[in-house]
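Letters A, B, C, D, E and F mark the chains in the order given here, with residues in each chain numbered from 1 onward.
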Amino acid sequence: MSLPLVVLLPFLGAIAAPLFAQGGRTAIAIASSVPALIALAALFPHWSVLSAGGTVLESYEWLPALGLSFSFRLDGLALLFALLILVIGLLVILYAHYYLEAKENVAKFYALLLCFKGSMLGIVLSGNLLLMLIFWELTSLTSFLLISFWTHKQDARRGARLALTVTGGGGLALLAGILLIGNIVGSFELEDVLAAGDQIKAHALYPVALTLVLLGAFTKSAQFPFHFWLPHAMQAPTPVSAYLHSATMVKAGIFLMARLYPALAGTEQWFYMVSFTGLVTLLFGAYVAMFKHDLKGLLAYSTVSHLGLITLLLGMGTQLATVAAVFHVINHAIFKASLFMAAGIIEHETGTRDMRRINGLWRYMPHTATLAMVAAASMGGVPLLNGFLSKEMFFAESLQLNLPGLWSWVPPIVATLAGIFAIAYSARFIHDVFFNGKPVDLPIFPPHEPPRYMKIPVEILVFACIMVGIFPTFSVGPLLYSAASATLGFDAPDYQLAVIHGLNLPLLMSFLALFGGLLMYSQRQRFFDFHARFPEIDEKAVFETVISKFVNLAHRFTKQVENGSLQRYAMLLVLSVIAVVVLPIADNGFHIGENGLSTIDWPTAIAAGVLMISALATVLWHRERFYALVLLSVVGLIVSLAFARFSAPDLAMTQLSVEVVTIVLLMLALYYMPSWTPVESSKAQRIRDALIALAAGTGMTLITLAMLTQPFSSISEFFLENSKSGGGGTNVVNVILVDFRGFDTLGEITVLAIAALGIYSMLKNTALTPPPGDGLGHAWTRDHYPLMLRQIARPMLPLALMVSAYIFLRGHNLPGGGFIAGLITSVALILQYIASGMIWTQERIPFRYHNIIGLGLLFATITGTGSLAFGYPFLTSTFGYITWPVVGKFEVASAMVFDLGVYLAVIGATLLALVSIGRLSPHSAIKSNQESV
Amino acid sequence: MNPFAEYAISALLLFGGAFTLVGAIGLARLPDFYTRLHGPTKATTVGVGAIMLSSVIYFSASGESIDISEILITVFLLMTAPVSANMLAKAAMHIGVKTVDNTEGHPWEQ
Amino acid sequence: MLDRLNFPQPGLSLTLFVIWQILSEGVSGGSIVLGLILAWLIPQLTHGFWPERPAVVKIWRMPIYVMRVLKDIVVASCSVAWLILSLRTPRPAFINYPLKLEHPLAISILASTISLTPGTVSADISDDNKTLLIHALDAASDQEVIDAIHNRYEKPLMEMFQ
Amino acid sequence: MELLFALVIGTLTASGIYLLLRARTFPVIMGLTLLSYGVNLFLFATGRLATGQQPVIGTAATYADPLPQALVLTAIVIGFAMTAFLVVLSLRSLADNQDDHVNGEGREMSASSKQEREVASK
Amino acid sequence: MTHWLIAPILIPLLGGILQVLMGYAPISLRRTLALTTTVLMLASAIVLLVFASDGSYRIYAFGNWQPPFGIVLVLDRLAGLMLAITAILALLCHIYATGGADKGNRQFHALFLFQLMGLNIAFLTGDLFNLFVAFEVLLIASYGLLMHGGGTVRTIPGLHYVALNLVGSALFLIGVGMIYSVTGTLNMADLAVKVPQVSGSDLNLVKAGGMMLLVVFGLKAAVLPLCFWLPKAYASATAPVAALFAVMTKVGIYAIMRIYPLIFGDGAGELANLGMDWLFPIALITLSMGVIGALGADNLKTLVAWQVIISVGTLLAPIALGSVAGLSAALFYLVSTTWTVAGLFLVSELVASQRGTAADRIVTAPKMRHRTFLSVLFLIGAVSAAGIPPLSGFFGKLLILQSVEPGVEMAWLWGVLLTGSFLMLITYSRAGSIVFWWTVDGDQEAPEPINSRISIATVILTCLTVLIVVLAYPISDYTRATAEQLHDNRGYINILQTPMHVPPNSLGEEIH
Amino acid sequence: MITIALYLTIAMVTLAALLNVYRLIKGPDEPDRVLAIDTLNVNAIALIILLGITLGTRMYLESALLIAVMGFVSTVAMAKYLKRGSVIE
């Protein structure tokens, strides 16, 4: 339980810390330190196991489907990193306590810092690669939030986004790499993966996996060419820089390479990719660092360089190089953290980080200066300090590389060169800041020593530099050995951690570097002049530019394709259908089915001809809208005739009734619309559209023809057999509608109801100005409600109700039913509206259409639920025959009540829809008493 | 079937068909809208009426129960045709549809 | 409540009842009961839509009038048919017919009659219900048409509706 | 007969789709209506063509497939509801945008209609 | 047989009817009743989820007609899952809506409930034509909901949405017709039996029908090139509506998952895996288009709307691969993405409400009230949506990445998915930093404070992603089992053998 | 005999319909077109009755009744549109 606890504690702390906000900054800082202290205490007992070369494993199942588990694994390497994270974390908390100003959101800061700490611990303690990846990306996220802690600063926001983009993106590559490894090994458990090194390296996908994993590592550890985010991450508050960007997060990539060393290293690919990247980064970082005027910029590039160094060491592949790499991780963390803190103090006290303005601070803050100078010396690799030791090991290893021919000279030369640069920029850090005349134009003047306790973290770290530098074996020996062994996967070879190994080539190189560096610093102006010839690249700005270019490009592209044109969308839809439906059929060839064609009778043919002519005429004259509408109604009429012709009386009636309501609806709308459609598409477009339409039409024709001539049998036999006996009706279509498939009908009337309600609410606050006259320029007539029409409309209503009742009642046994009856009633009422106007009619209708709709739906539903009482499913119908005196025998069917619901819903919905449009007319608002008679 | 019924049915059918056709011919060839209005309102209605009647006789004669629903349709058509004509005439007068030259009198302003 | 259990429009109720018998398959106990129910129910629902019923209608004269009109329709249809089929150019005319009838229903019936009988179509009724615009397909003289209509149709209607 | 029926459906589909691709709401609605006629006829035809075989028990010797008829009935009603909604929506669009184009910001306007607008604005 | 299966349909139906009949009741009463309805529906959905998790099929035969003749509802794991996802989403959206978004239209609650009814029918029905009806119910309700709220911006996108869906409905009918014209049946289980037997010249028709339906479902799901109606429509909808719409595209995906493995699965002979070879590349292109759209979006809602399209592509790619692992991964991701995207819509609306004229546009504006609150919610949503650890979106993507076997498809899927995630990372960080961090001087005109219902609903919906992570094990177990159930269609086919129900106290003659 | 008469009648009615379509297309004015479709409705009624006689069934009569009702309302609405613009006001 202790390992997950170590990881979990900071997160719990992150939740808890803000609760202490009311207790003041100190309370938060203390609260934030608790998790680390507990964690240290929790890790301590494991040391006995680790020092004996063992590994602590704790595993809990989480998502076996993914191969993801809560596995934690503690070995020397993990412990080393965990200690760095925890200890430096504690120092940073203390430091930040003085660094942050009172007005700042300290709670947020500590919470984020703790989240980061937890994530970082998660990376190093994960025993499962996927789990590690989760923490990996979490560090990117928390780092993003920490860098942009001062959200009001543009540079901070940009730097944060740049960092997130690079490291988060690298994380995605790492994810792919890990997945590949998991795929090869069959497990994501670190134990399994580390044991399967040979299997991985032999796999065909090894190069891909390696590349992806290294992409993750390189981006995180700021290796060239992904280094550029790190300097911009320095926009973060200094505690963050010290912690994340020197000691911990940037080491995550190094950690990953070390962690997977047994699984991935030892091949040529590894060697070339890792060592070459490291080499370039080492040199490049060191070179650039020298020219940075920004204190933290210098430190950042120095960090880049040192990370390159470690990478190079890991890439070399020799055992001692690996030991050196691990050692340098420790040393770099120590001196760089202290340097950042010192830089932070300087910035804090002077108000700037520009080395051109900061001069001669020795006079104002000698204590800080001393600390910084020791740390800087360590960074430069001055003997007796920790930096020197690992660098010596590095120089030694650079000489051991077995490269062909002259190539073997390259590593030692580059190493020495980098050493020269390192001395030079360290010297610059010392001389330029603390000496070099007087300060120039400092925002805060004169600078003072910082608060006493702010220096404590620095003092501790500098003390560590010296301790390790002088007593390496005593101070870090066991830990280093344990960590190096864990990295290698077996016990590390013998090596000596001594201050001086004797007079040898590496020592010579060190001295070369020392003097070369000092020389270079003394001649710095020449180098500055040389460097100034190259334009300075602000990667942030480049990044912003690139991103906004991309955004603009994406925006333009999106606007191009998503151009808000229904014409295009509809065309794409139709083309899609043609592509996936019509074309394949055309490919397969078209067949007339086995049944062949039946003979044509001429009246039908003529009717069909009229239909086709009308349809085409509708297209041809679609610009004259009313005319097109008339033609459309002819099409509708013939469609209903076709239904009658081919044995579907119910359909014929439905089509007829719906047709007239639709036409009235369209005319209601047309009143407000232009009566004429202008030509808007070019001839080419029209031809294109016509071709598309023709293709679709041809497709439908062929499909229909193939279908109609093919024999088939359907489930309908069942309906025909059971309609009378099971459904109590002889009109099978109606029995299907109210019984066999009554649920469809319930849905259908619901659709109708919703449409009407939607129409009603959509038009509620709509104002439309009707045109003053028709399209030909005639003003509308005065005569709203013609006499003859009114007179005929009167008897029509009762007659239509009668017919409705008739159609309704017989529907179960003969063509008809609730739907058609409902439409007849609706149309009769519509006639009243047409003949006598909105107000007159509305006055005579004592109910709201909403309620009719609601009642209709309710009837249908309640009838359906009736059967539940008898234990039967919803919509089970029942019927029976009752014999009454006089009346005789008649049928009572529950389906009729359902149909009544349909009837009511249809009336309510149809009229609500039409009346809602009619209400738009200004006349309906005027209380007109035209109806005097 | 009763031969008398057959004769009656056939005659009514042909009569109805002929009148329907005549109405349509009128619609097609009369010179202006107002004259064309006469064809459908009368000839066609009469034609359909005759066909309906033949249907009534046909089904009555072929042994089904006497059923005169068709009459209802005819009555309905007779009731509505004048109103349709009236509405259309009013629409035509509103639009100012041209009359044939030799028309006496004038349509009203709408 | 009880006072609503009447027949607000007895004529309509009767008509509806008869129509129901026509529609239903044969007169039976069931159709009579249902017909009665509908003949009562429907006017209850719709009487508001028919506010201006004539006070007195001599309804028994109606069948005679209808028979006359039907005969005229058939006879005169033939003449129109002939006119259509012959190649003679018709002499159309718009005729202003002075109405004596006052009741709107009566006017409507007259106008319908005019439209149904061949050769004439009621094109419009003036706003004051005093004049009927008739379009005649082939009119010899206006007055002839006016007289014919008045004598043959308007007089009987006046008798019915006064 | 089948060929005739197929041609009718094809014509309706083609006409419908051509109108669907127009730039104004009204033709689009008409196109959709035509298309739905075609579709309803097609769905109806899936039960194959039958003459005088209305599926009313006792009125014919054999019966047409009643199921597609029921489906088409449902489809007609639903189609009506949808069309009604679309019609009203196009009215609403007319009210909101002062014209009846179906295209949003990226309206494709040809020279002729621009001219027309200019003329109209004078 | 249990009547529970109709509960998720009848509850919103009756609740909706009640809303229609109570049009003039005070709004507080209507809200209470409407919310009660949704809560009851959620309860019923959970009951069904529990039922379904035993892995059996439950059927409900309307009218007590033996399938394939009558319409049946079929409850299996997939249906249970979809019901639960929708019900939870719906309740939260509904609570949000009662915070004030439901004003201005008395029909809002009715439309909302009918929409739920339509969705639930779609998830439960075992009948192809009834699926059409369900689609229409949910579509027509969605049209109404889309137009809810003031302003003129939504009419044109609404018009496009309606018109295209009308074409879609027509295509659906044609597709159903083609399939019926050969198989003579509409019941999905029966189709699963009959389609593999199709041969000869009938193959063409069924194939055409199947592809036609795929186009229709693709339109509903918004795959490229049929997705362009979506961004503007969703972006212009009122927040709770847009959030509810997060599940609408999933209906299309649901239909694909339901129908293709069942009817055109591995055992469908010549029609096996119909259309899936099209679907895979289309899914990836859709995903790419979504990413481009999101990258180029100039306001948050549009960005989120494109995220919907990204989700669609992400979901369909593994579905197209057709493996159990793929389906399972897709289902897991579906749970996550539906809620996450919905939450983002709500957050975007809140942001818009706090920024005056800048609304949710990705531009600088004076600092908003509740910035921390909103930015945290946005962060959670964005992290989950972009598929970055540790939130649920990541696990979904991880499952999807793992579901594909090494090969060309893997390269494509991984490449597109990971690049997409990368670009979305950029997109969200850019949008978030501009909207939340990059403030100019000045004060917002004091916007209305966010009322507690709204914030509770938003917080819960946004944080569901955390819940998914916590429950990842049971959820992934469930989706795995669901995928297995989908992949093996024998169980579904067996519903045809279900004996019809005869109640113990049968009333004999009175009921047939 | 009835058969022959029936066929002749169907032929005449169909021809009549064609003439109506001619008028429909030709116009020249909108009222002409509405008149043509009104007449077409009546022809359709006739055709349905004739279909019923041909098939010997009364199943289609109500369709004819509906054409009469619906056709009338449709004609009236169109006419009103032509002169008033607003069909329901």
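The definition used in the following text is that contacts are C-beta pairs under 8 Å (C-beta built on N, C-alpha and C of every residue); 3 or more make two chains touch, one makes a residue touch a chain.
These numbers were taken from a predicted model, which means no experiment stands behind them.
Any chain bridging chain A and chain B, meaning touching each of them, is among C, F; the list is complete. Just to note, of A-C and D-E, the chains joined by more C-beta pairs in contact are D-E. Among the other chains, the CA centroid farthest from that of chain C is the one of A.
Relative to chain B, the chain whose mean Cα position lies farthest away is A. Chain E and chain F, compared by their mean Cα positions, are separated by 48 Å. For the pair chain A and chain D, the distance between mean C-alpha positions equals 39 Å.
Centroid to centroid, with C-alpha atoms defining each point, chain B and chain E lie 57 Å apart. Between chain B and chain C, the centres computed from C-alpha atoms are 16 Å apart.
In chain C, the residues that reach two or more other chains under the touch definition are 19, 23, 111-112, 122, 125.
The set of chain A residues that touch two or more partner chains comprises 559, 564, 566, 570, 574, 645, 649, 670, 700, 707, 712, 714-716, 719, 740-741, 744, 748, 751, 754-755, 758, 762, 774, 780-781, 783, 786, 788-789, 792, 795, 799, 803, 814-815, 917. In chain D, the residues touching two or more other chains are 20, 25, 28, 40, 42, 45-46, 51-52, 54, 56, 59-60, 67, 71, 74, 78-79, 81-83, 85, 89-90, 92, 102-104. Taken pair by pair, the chains that touch are A-B, A-C, A-D, A-E, A-F, B-C, B-F, D-E, D-F. Across the interface of their complex, chain E is touched by residues 20, 25, 28, 32, 35-36, 39-40, 42-43, 45-46, 67-68, 71, 74-75, 78-79, 81-83, 85-86, 89-90, 92-93, 96-97, 102-104 of chain D.
By the touch criterion given at the top, residues 1-2, 4-6, 8-13, 15-20, 22-23, 29-32, 34-36, 38-39, 42-43, 45-46, 49-50, 52-53, 56, 58, 61-62, 64-65, 68-69, 72, 75-76, 79-80, 82-83 of chain F touch chain B in their complex.
Only residues 1-30, 33-34, 37-38, 40-42, 44-60, 63-67, 69-74, 76-85, 87-92, 94-95, 100, 102-110, 112-113, 116 of chain D touch chain A when the two sit together in their complex. If you check the complex, the residues on chain F that touch chain A are 10-11, 14, 17-18, 21, 24-25, 27, 30, 33-34, 37, 40-41, 44, 47-48, 51, 59-60, 62-63, 65-67, 69-71, 73-74, 76-78, 80-89.
On the side of chain A, the complex with chain C involves touching residues 783, 786-788, 790-795, 797-799, 801-803, 805-806, 809, 832, 841, 843-844, 886-888, 890, 933.
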